[in-house]
Amino acid sequence: MNKNSSNTMALAPNTSSKRETVCIFGTGDFGRALGHKMIQSGYPVVFGSRSTQTSSLIPKGAEVFSHAEAAQKAAIIIIAIQRQHYNFLIPLAEILRGKVLVDVSNNLKINQYPESNAEYLAQLVPGAKVVKAFNTVSAWALQSGTLDASRQVFVCGDDMEAKQMVMDIVRALGLTPVDQGSLLAAQEIENYPLQLFPMWKFPILLSLGLTAFLFFYCLARDIIYPYVYDNKDFSFFIAISIPNRICPVLALILLALVYLPGVLAAIIQLYRGTKYHRFPDWLDKWMLCRKQLGLVALAFASLHVLYTLVIPIRFFVRWRISSRIVSQALNNKTEPLNTTNAWLSDSYLALGILGFFLFVLLGITSLPSVSNNVNWREFRFVQSKLGYLTLILCTAHTLVYGGNRFLSPSSYRWYLPNAYMLSLIVPCIVLVVKFVLIFPCLDKPLTRIRQGWERNPQYSE
Amino acid sequence: MNKNSSNTMALAPNTSSKRETVCIFGTGDFGRALGHKMIQSGYPVVFGSRSTQTSSLIPKGAEVFSHAEAAQKAAIIIIAIQRQHYNFLIPLAEILRGKVLVDVSNNLKINQYPESNAEYLAQLVPGAKVVKAFNTVSAWALQSGTLDASRQVFVCGDDMEAKQMVMDIVRALGLTPVDQGSLLAAQEIENYPLQLFPMWKFPILLSLGLTAFLFFYCLARDIIYPYVYDNKDFSFFIAISIPNRICPVLALILLALVYLPGVLAAIIQLYRGTKYHRFPDWLDKWMLCRKQLGLVALAFASLHVLYTLVIPIRFFVRWRISSRIVSQALNNKTEPLNTTNAWLSDSYLALGILGFFLFVLLGITSLPSVSNNVNWREFRFVQSKLGYLTLILCTAHTLVYGGNRFLSPSSYRWYLPNAYMLSLIVPCIVLVVKFVLIFPCLDKPLTRIRQGWERNPQYSE
Amino acid sequence: MNKNSSNTMALAPNTSSKRETVCIFGTGDFGRALGHKMIQSGYPVVFGSRSTQTSSLIPKGAEVFSHAEAAQKAAIIIIAIQRQHYNFLIPLAEILRGKVLVDVSNNLKINQYPESNAEYLAQLVPGAKVVKAFNTVSAWALQSGTLDASRQVFVCGDDMEAKQMVMDIVRALGLTPVDQGSLLAAQEIENYPLQLFPMWKFPILLSLGLTAFLFFYCLARDIIYPYVYDNKDFSFFIAISIPNRICPVLALILLALVYLPGVLAAIIQLYRGTKYHRFPDWLDKWMLCRKQLGLVALAFASLHVLYTLVIPIRFFVRWRISSRIVSQALNNKTEPLNTTNAWLSDSYLALGILGFFLFVLLGITSLPSVSNNVNWREFRFVQSKLGYLTLILCTAHTLVYGGNRFLSPSSYRWYLPNAYMLSLIVPCIVLVVKFVLIFPCLDKPLTRIRQGWERNPQYSE
């Protein structure tokens, strides 16, 4: 917006209105898709190729030249060929001097090569300015325009201006450039499209392990025990009854594990008397996957709700109820209403409903577009205050569900307590420690530590 | 960021700090709302109007001039008047030479005029640089600040620099400019605000058609048949029982239709031996509305879940159960538990719950903000692997629900099979073909074709 | 993108590739976190501090100088210290002349000081260009990279170029700058992180008030009345039965309150004969929190659904059904099916299911990422057409639920009508008035008024 020019000039901008030519080396799927998109966005595009014969697949409006010719026509050259063919660039080094080379390549495995493709390219053509970009975008998505997955394009490079030029192109194509810093970040950027939910690995493995353990635990208590002692075949419990024991237990344990690291961190900070010591690595990692832990817990809670709501439709339950009523009728017996049982049943259901409702609210606020619309105070309020309320409600739901069953001997078949009793251990610990930490004698020093105060200020300036 | 200037200069930027004046032709609702917003964002605004009398509605800080005077004060002129009045610009052509004219107009019907309003404007004032923008934004939203619908502003124009100037203004107003290329795109941009869910048209029409067919089909089987033969009035089945037959059938068929085009595409590619042939048009369109098909299927599945869960509350169901129990008690008969039935009932419910759970997961990952946070590998994993698992679970749910009813003659009233049997045709075809395609003898050539290999490489360079 | 340079130059950009140095005053948590992030993004960072001794906490790559020295090394100085210490900047005024000072501070209370911190800073150092920014970002989030809450950085300032420089930095850090205009906006920006769901205050207070009223209302009718007259203890109704009366009533009333202001606005516009008169303040505020009202209504509707679906699992309900069946069996009585009751029961359930389904659809389309992907016509279609359909379905659900109970005397214990009858008042008014407004004799003038026509055009130009 040439600010130095005279006023009349500013009011009638001079018409150097063409975008700069972009060169693409390689006429494979990705090169053509990118070229197509760039032509749409107003960039003149030239392709560099071994054979300069224009095929019907080359996007309309683009020209094909030899690599050397094409390179001379543009300041930016996109290297849309595979790493193993990068060697052919060595003889072109002189022509590529000072040019911006954009490495768009991906590998087949994480950390496939010792150095990233972009750094390898920079070594091969030392005179060029290498920028890593576009590797997270799919050729198919570029061509069809259905960018359902990420519109983010991670960009890195050592030359600021080259990076800026590439980021301008990214923006012009309707994508979102994200500056990741120097070319050292290329390895990470190249690994990104190969990742498969890395943050979810720990929560999912943990819950798979717990599921397996609880499955065999419940199998022993609920199917093998009655089969051994009463010769009853309850094998069909595998379909609904046992999953409906495992899901709430897992949901409660995982939810408690979301809040346990915060409590541990508080204890460590109180013990050390400073916040400027790094936490142990496992605690850091744990804290970073709390959101994923919570969402897995929510998934198990939702399954528990569905499994519970279909109870009255189950053949077995209908059979049990009707045979109980028939035997009552045959024995000519009518029971009066047991108000205590009515209270227990209604209140554990109500606690469960409210707990699940808040849990779903927590889940909704963790959607990126929702959490992006709240400020930090609101986010903390929801994730901390509402989160603890959810944990309290769900723990109370389990306690009341237990009701007077805690002391009944039938709950301890083969000395194995009911699964729900196991689930109470972690949440109760979390809630008790959190309750203790609220006392002023602990809360005050903790708040001061978190504001930067140190008991033994050895680390300050 | 005047990089060529001396170092001291760079450290103390010179204060040419005012934004450039923007002129708005037209003092209607939209012109005033836009002017108001621009003044808020620091732009000096002048209005061009027939009557230069300032009304109380003109935003504070803006001045009103005649069209000619106002045009001379700015490089950018926003034409906030209707297309039918564009003629008055012809006498101003000399003043408008070299200016950026922003066409913000909308039409009342799709493709109302042979050429877009912006192209018409460019013909009327050939010396000006016409840019299309802002037509997707509502005056009311601009004024009230509640931009609930899209913040995206589609921009197109033949002059790069003019387009860039307009995009800078868009960004300064807190909106997101999306470059749509040259002025040829104006027609499409003008049609955009008049569209009403164009991608949803086919899935919704298809499901309405299927719903109508299935409704009369079930009406005949479940209401007319018992009325004719047993003289029983089950007309109230229209409210819940029949919808609860239609919804799962539709959900399963639509879900299978999401995966059918992928299977067809694979067959076509295998047959042709290349991926560089375009698919038939209907297949392309079908592939582009798969997401919408899947979401409509999810809607029907959710309705099915709700209809199923209220079953035990229905008056008819309660009456049927209690009269069955009463007759059992009167006949002094107690049934033993039928374990097979318990297995069938529990496992079809469990399969349905798991299928629905995965289906909801698929739905959540198709939310724009979620899919924008995963990479392509993760997106494909969820939409393909989890999607097929969902289809398998839902098909199994229906098969087990059928159970031993497939051979019972009561399932074929008037030779019409139960509706759920019809629903199994498409998903079973999809699953069988997909299963066949997994065999190495087909999977290997298919993978090679998708990596660019051609059996008869007539299209290569 | 030096367009004035010769062609060869353009093709080989000169390597002034380093980013400009940024100075940070203050080595507290926020200053260090910001410095760390900036170094990652390629900015050279210098810290200005009282003590120039480098502590182990200072990010690697940053240097520490005295305030005066550090300030001289950069054009942008970030003031990461608390407002009460701003005085120390006064002696530095000469060095700071012409520099860009970025105020990142926050207060502890809303409107804590008469003027915003940024304006106070501008008064203290009149020669500098003060920009407000970064105050919505948390130090912890910057450091850990988990920007779960907002990535939006509100920026304001009187100097355009200074603001642009800061916004470039914001963008380089991977955050989204939002220009809020001149420094006058600083007060609002400083209040933003202290807000706790300001738009939700009215809907939540309203629903809390209504909940309390309805709770005591139902307590009297459903627990105290049977206790007083029949000496029956139904106190356990507090857990589920009474919440399940309150939730649907609140959901229906709040949903009607979403559409009431639109109806009122239409009446006011018809009466005044113009749309250019401002609405009363309460109506404006009401209209702006309609989305929140609707979402609170949806929350109550979801709770109602959950409370209803657990009905068959409740101990009390099972007891009541079984004792009714037992007494039927003992009396040797079988009831024939009452088709009217079957119709009523099935249709109120079906209406409720459809109403809730549409309500959830409305909720999903109000997610920011979904509403950002629809155009205005689609948004209005969903929120207005589908919204009214939801209201009609939910009102019909309540009316059919009432069924023939409206005239039964047992519905008027202590002359108090059932709670659901109260809930029908507002929705029926809204629907009747809306229906009247559809008549052409009212709809036509209303449409013309909304297109800008005035009965007494006193306000036009």
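Brief remarks on what is shown
In order of appearance the chains are A, B and C, and numbering begins at 1 in each one.
Assume a contact is a pair of C-beta atoms (placed from the backbone, for glycine too) under 8 Å apart; a residue touches a chain by one contact, two chains touch by 3 or more.
Chain labels with UniProt names: A, B, C = STEA4 Metalloreductase.
All values derive from a computational prediction rather than experimental measurement.
Under the contact definition stated at the top, the chains bordering both chain A (STEA4 Metalloreductase) and chain C (STEA4 Metalloreductase) are B.
Although chain A (STEA4 Metalloreductase) and chain B (STEA4 Metalloreductase) share one sequence, what matters here is the overlap of their interface residues, and that overlap falls short of half of the numbers used.
Distance from the chain A (STEA4 Metalloreductase) centre to the chain B (STEA4 Metalloreductase) centre is 24 Å, each centre being the mean of its Cα atoms. Each of the following residues of chain A (STEA4 Metalloreductase) touches two or more other chains: 16, 309, 312, 325-326, 329, 367-370, 372. Residues 1, 3, 10-19, 27-29, 40-42, 49-51, 53, 55-57, 136, 138, 141, 144, 146, 148-152, 172, 174, 192-197, 233, 235-237, 239-241, 243, 299, 302-303, 306-307, 309-310, 312-316, 318-319, 322-323, 325-327, 329-330, 367-370, 372 of chain C (STEA4 Metalloreductase) are the ones that touch chain A (STEA4 Metalloreductase) when the two sit in their complex. Those residues of chain C (STEA4 Metalloreductase) that touch chain B (STEA4 Metalloreductase) in the complex are listed here as 2, 16, 20, 72, 74-75, 97-100, 129, 158-162, 165, 168, 178-179, 181-182, 276, 288, 291, 305, 308-309, 311-312, 321, 324-326, 328-329, 332-335, 337-339, 341-347, 349-350, 353-354, 356-357, 360-361, 366-379, 381, 452, 459-461.
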